[in-house]
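Okay, here's the structure, questions in a sec.
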Amino acid sequence: MPWLPSLKTETPEEGYALAIKLSRMVVKMTQPDEAARERMRPEYANDAANLTQVSLVVATNFLDCGAG
Amino acid sequence: MPWLPSLKTETPEEGYALAIKLSRMVVKMTQPDEAARERMRPEYANDAANLTQVSLVVATNFLDCGAG
Amino acid sequence: MPWLPSLKTETPEEGYALAIKLSRMVVKMTQPDEAARERMRPEYANDAANLTQVSLVVATNFLDCGAG
Amino acid sequence: MPWLPSLKTETPEEGYALAIKLSRMVVKMTQPDEAARERMRPEYANDAANLTQVSLVVATNFLDCGAG
Amino acid sequence: MPWLPSLKTETPEEGYALAIKLSRMVVKMTQPDEAARERMRPEYANDAANLTQVSLVVATNFLDCGAG
Amino acid sequence: MPWLPSLKTETPEEGYALAIKLSRMVVKMTQPDEAARERMRPEYANDAANLTQVSLVVATNFLDCGAG
């Protein structure tokens, strides 16, 4: 099954969850080494500036798929 | 009840409040540890650069839901 | 009276002023302490990088309300 | 005469010039002190990162007014 | 054959792959020296802040071509 | 002949090239001194964070003109 079968979702919450999934997928594709991603995790999740940017990415992806 | 029952709101102010809610939700989902979020709070709310970026996130989310 | 009665404005300039208002409101809501905001003011208004980002926020909000 | 009489322009180049005007106006409104703006000018125009962000602001404003 | 024959794709996943391709192409065009790009690779793929921005670029390009 | 005769292009690749042209034009207009721009070139083209932002600018401009 494809990881992104559709941009359509049943509910706004599912659309939001899809926006988060889209945001993370490119990180995996750009840095396929899981150990390298784990090393970045503290910086990723404990830095206010980065979390704000993550929120911006999700907001932008939500434009792609938030119409539900 | 779902946390995001709808993207439609009755008034522009409610749409703006929803844009703020959307902006914060991803932070909670990315950093579920409330204590860790509290530790970031001073940086989050007392740094001009971060507040400007928060404003950008809300503006982008408002594109998602601001049409009311 | 609500602070955001409508996203519709009579003229492009009023739409632009509304975009600025939207950009600032989230800062107030995220940092409600006026003294704290005042302490950030020099950084906010005297740093070229921040002013450029403020301009980006207003441009994005103008997408929300600039159609007049 | 208002500084922003219309978002409609005759040609794409005029639309682009208007996008630049919009980008600069908010800087003036946020930092009305011309001397303070002049002090930031070297940082503004000689820093690659800032110029790239200025380009992003103009691109975003061009979405507001680029349709001519 | 052109590197960008079309913005239309058969599936959402192909649209997403195209968004990634678009995001990378400008880097190649701005820095054509492959050795220089290779030197930046560690910073590019091992810095959380940069990966978050890469995700933002792809989200924005997905707006260009994600409708599939 | 105007530097921006039209936002319409024949092919997606031409639209992408135009998006790059738009992204660079504002840099020229903000920093008209060619020598100053040349001094920034190494930072501009050899810094991963800046190249990622350049890609974001082009993606945004592509929204302006990518429909071909």
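Order of writing sets the chain letters: A, B, C, D, E and F. Residues in each chain are counted from 1.
In this section, contacts are C-beta pairs under 8 Å (C-beta built on N, C-alpha and C of every residue); 3 or more make two chains touch, one makes a residue touch a chain.
Note that the structure is a prediction, hence the values are computed from the model and not measured.
Farthest chain from chain E, going by the mean of C-alpha atoms per chain?
C
Based on the averaged CA atom positions, which chain is farthest from chain A?
Following the centroid criterion, the farthest chain would be D.
Nearest whole angstrom, what separates the Cα centre of chain B from the Cα centre of chain F?
A distance of 31 Å separates the two centres.
I'd like to verify one number: the distance from the centre of chain A to the centre of chain B, where each centre is the average of its C-alpha atoms, in whole angstrom.
Centres of chain A and chain B (C-alpha means) sit 16 Å apart.
For chain C, jot down the residues that touch at least 2 other chains.
Residues 44, 47, 49, 53-54, 56, 60, 63 of chain C each touch two or more of the other chains.
In graph terms, nodes being chains and edges touches, is this line, ring, star, complete or other?
ring
Let me make sure I follow the ring: beginning at chain C and going to chain D first, which chains come in turn?
C, D, F, E, A, B
If you look only at chain A, which of its residues touch chain B in the complex?
11-13, 16, 20, 44-49, 51-56, 58-60, 62-63, 66, 68
For a test of understanding, state which residues of chain F touch chain D in their complex under the given definition.
Of all residues in chain F, those touching chain D are 2-7, 22-27, 29-31, 36, 39-40, 43-44, 47, 49-50, 53-54, 56-57, 60-61, 63-64.
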